[in-house]
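After this come two complexes, each holding chain A, first together with chain B and then together with chain C.
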Partner chain A sequence: MLAAALRKELLLQWRSRGQMMAVFVFGAAALLLFSFAIGPNAHALRTFSAGFLWLGLLLSSTLTLAESFHAEMENRALEGLLLLPSDPRALYYAKAIANWLQLTILGCALVPVMVVLYDAGTTELLTLFAVIVLGTAGLSAPGTLYAAMTAQVKAKQTLLPLLLFPLIVPALLASVKATSLAITGDPMEQSRSWIVLLAAFDLIYWSLCGLLYGKVVEE
Partner chain B sequence: MSEVSIDVEGVARRYGRRWALAGVTFHVPAATAMMVTGRNGAGKSTLFRVLATAIRPDRGSARVGGFDVVREREDVRRLTALLSHQNYLYETLTARENLQITVDHLGKGRNGIAGALEQVGLGARATDAVSTFSAGMRKRLSFARVLLQEPRVVLLDEPYGALDPPGFDLVDEVIAGLRRRGATILMATHQWERSAKLCDLALVLEEGRVAWTGPASEVLQHEVRG
Partner chain C sequence: MFEMPKVSTSKTPYVFLALGAALFLFGSYWGLFVAPPAADMREVQRIMYVHVPTAWNWMLAVLFSFGCAVAFLFNNDSKWDARLEGGLEVGTLFAFLLCCQGAIWAKPTWGVWWDWDPRLTSTAVLLFAFLGILALRNFVEDPVKRAIWSAVATIIAAVDLPIVYMSVKWWNSLHQEQSTPQTVASPFHLPLRTNAFAVLFLMIGFIMLRSRVAAYRLRRELAAPPVRIGEEAGELV
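After this line comes the complex of A and B, so read on.
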């Protein structure tokens, strides 16, 4: 069931890949605007680069997460799947994994933009990749649940960030700290503790949101 | 195919302060076709959505094949297929891909897809995106989706809606085929004369209540109030 649902999600994402490019441009534009806000201060730009990267990714994520339910709601396709019947948990994990994959690709694509704009290069590429993978998992798990909750609401573009942002503060904080340490150096080896915190956050939310999804999408 | 009956007892459902169904009771014997008619807003679609377990009744109970639509929802869903006003299709995917999603989620093989598409007259459009389809073609594709589910209870909400005259004949053929397989059919329609020939029983809803029920052949003599 999960494989079938995941195949469907990836197919839907592939068919709307133009949207992915638009979201990347949005994220890159956000990073550019942040650099304007700081001004030509190379040290400050490099210091805050991790925070800007994750803010750009966070803002972009609200677009991709909300969009991931557009196709489901257009002709009530999600209801059609539930009535087949399909396991709501399988549908949730398929969509959350697809969103996670999309956000990971987006995060990796924004890293070169960050490096160019903020002179924030790093040799700790593996650590940076691990943080992006774990951080985007922390965004996609509750993000997919809240996107489902707000998908049928008129003001979903406003409501989704309002609900999601306060919830993912721990994941955002850990992602920013771990990314910053990867860029500016980690002589005290602090990044491990932030990554563990991020992994714990992911574990809790991936478990909890899978259980709650059925309550959200079923009457 | 084992035969499955439908029992509805005092089902009521409201949207906000308005009761769409206000205590509906009826019985559909196994392997029987019942047409449900009534004016727009009479509660037909709400009734079908309750029976398909898409929504829950606020009062009363309903059983499909002996399974309660609230407490044994999964069992009801395994028996039932709903042809809804919403076509449950993904716009960006092709006709074939939409049906593949259905059979993949049911854990069935994909062998029947080509046949189902041919049966509803969409064999030549299998690789076209649903977004390029007319309303009638979407309805046909929804029919193919229902057929692939191989349901024992079929809930057809306005099956003739948006279809052209050959589409009407297609619906008649599909219903006749489902009846031959022993399926129990509930069909909401405004095509009284046509449906009366296909169905055994009829039920007329008015303002969320059963106004009349009896043999389908006699439904033409009943005048819907309004």
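After this line comes the complex of A and C, so read on.
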């Protein structure tokens, strides 16, 4: 069931890849704008590069997450899906995994932009990749749940970030810290504890949101 | 089943409010004029008599909201939704008051209005989380969906609170040790305890009244549309 739902989600995303491209351009434009907020100070830009990367990714994620339920709302497709003899949790996890994948690709695509704009190169590519994978997992689990609620409401563009932003503070903080340590060096070996925190956040919200999703979509 | 909530018309919340207000006047008078000033912080320290009781009771309000949300998801009784609304709104108010009182205290003591301390930051994060849930409640017109979604969002936000606290604690820390009667010298006990109960009673009164308003609104929303005179119910014209 999960495999079938996941296949549907990935197919949907593949067919709307033009939108993905547009979100990437949005994220890159945000990174460009952040550098104007600091001014041409190479040292400061490098110091704040991790924060800018994650803020860019967070802002882009509100677009992709909101969009992920767009297709379900057309012709009341979600109700049709729920009528199938299946567990709504499979639908949730399929969508959350698809969103996670999309955000991971987006995050990896934004890294070169960050490196070029802020001169924030790093050799710790594996750590950086792990942080992006775990950090985007933290965004997509509650983000998918909230998108399911807000997609059915009038003011969805405002409500989704309003609900999501306060919630992902720990994930954002840990991701920024771990990314920053990968870029500026980690003499105290601190990044491991931030990655553990991130993994714990993911574990809690991937299980809790899966449990609660059935309640959110039931009629 | 999601049924029409009963609305009690008892006078209990008014009793709590009156008791709380009287105790609050007494405790604050004692704290402001009778208790000695603290040696190192002088008069600024007197804000403790409202700040610390607000903080304690804010945590109770968050716990109460979490409890209402869980209770609602388990038995779908609309009275828990009305109580959740009261808890959320009073919790938001208290979080806002905490941030304001904290800033008033921090400026003369630390020299800054705001600091990235775990307690301060988690209060602010929860304030925004609760504001988001209240906004969600405002935008959802279907009472059943509104109740379920805000219960779900409340549970998610409440679970987040300890994680935010932990993560910000690792990140940075400067706040005073928490004040409890054990860490505070004995001349300060009386006003602090009095005000803690005063704020508790005020909070109970507010939550009860606010839940009553929420229950009235639910009744109006769930009521069948009125039948016009001269038209039988259920008859198609």
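Everything below uses one rule, namely that the second predicted complex is superposed on the first by the 219 of 219 C-alpha atoms of A that agree within 3 Å, B and C clash if a C-alpha of one lies under 4 Å from a C-alpha of the other, contacts with A are read in each partner's own complex, and residues count from 1 in each chain.
Operating definition for what follows: a contact is a pair of C-beta atoms (placed from the backbone, for glycine too) under 8 Å apart; a residue touches a chain by one contact, two chains touch by 3 or more.
Here the structure is a predicted model, which is why all the values come from computation and not from measurement.
**Q** Classify the contacts of A:L163 with the two partner chains as first (chain B alone), second (chain C alone), both, or neither.
**A** Second partner only.
**Q** In the superposed arrangement, which partner chain does A:K154 touch: chain B (first), chain C (second), both, or neither?
**A** In the superposed model, A:K154 contacts chain C only, not chain B.
**Q** Touching A:C108, do we find chain B (first), chain C (second), both, or neither?
**A** A:C108 contacts neither chain B nor chain C.
**Q** On chain A, which partner touches more residues: chain B or chain C?
**A** Partner touching more chain A residues in the overlay: C.
**Q** Between chain B (first) and chain C (second), which does A:K215 come into contact with in this model arrangement: first, second, both, or neither?
**A** The second partner, chain C, only.
**Q** Between chain B and chain C, whom does A:F201 touch in the aligned arrangement: first, second, both, or neither?
**A** After superposition on chain A, A:F201 lies in contact with chain C alone.
**Q** May I ask you to decide whether A:L59 touches chain B, chain C, both, or neither, giving the answer as first, second, both or neither?
**A** Neither partner.
**Q** Under the contact rule defined above, give the chain A residues that sit at the interface with chain B and also at the interface with chain C.
**A** On chain A, the chain B and chain C contacts do not overlap at all.
**Q** In the complex, go through chain A and note every residue touching chain B.
**A** So the residues of chain A touching chain B come out as 1, 4-5, 7-8, 11-12, 15-16, 71, 74-77, 79-86, 219.
**Q** If we count contacts the way the header does, which residues on chain B are in touch with chain A in the complex?
**A** Against chain A, chain B makes touches at 52-56, 73-74, 77-78, 80, 82, 84, 86-93, 97, 101-102, 104-107, 145, 149.
**Q** Residue numbers of chain A touching chain C in their complex, please.
**A** Where chain A meets chain C, its residues are 142, 145-146, 149-150, 152-155, 158-159, 162-163, 165-167, 169-170, 173-174, 177, 193-194, 197, 200-201, 204-205, 208-209, 212, 215-216, 218.
**Q** Which bits of chain C are touching chain A when the two form their complex?
**A** 73, 121, 125-126, 128-129, 131-133, 135-136, 139-140, 145, 148-149, 151-153, 155-157, 159-160, 163-164, 166-168, 170-171
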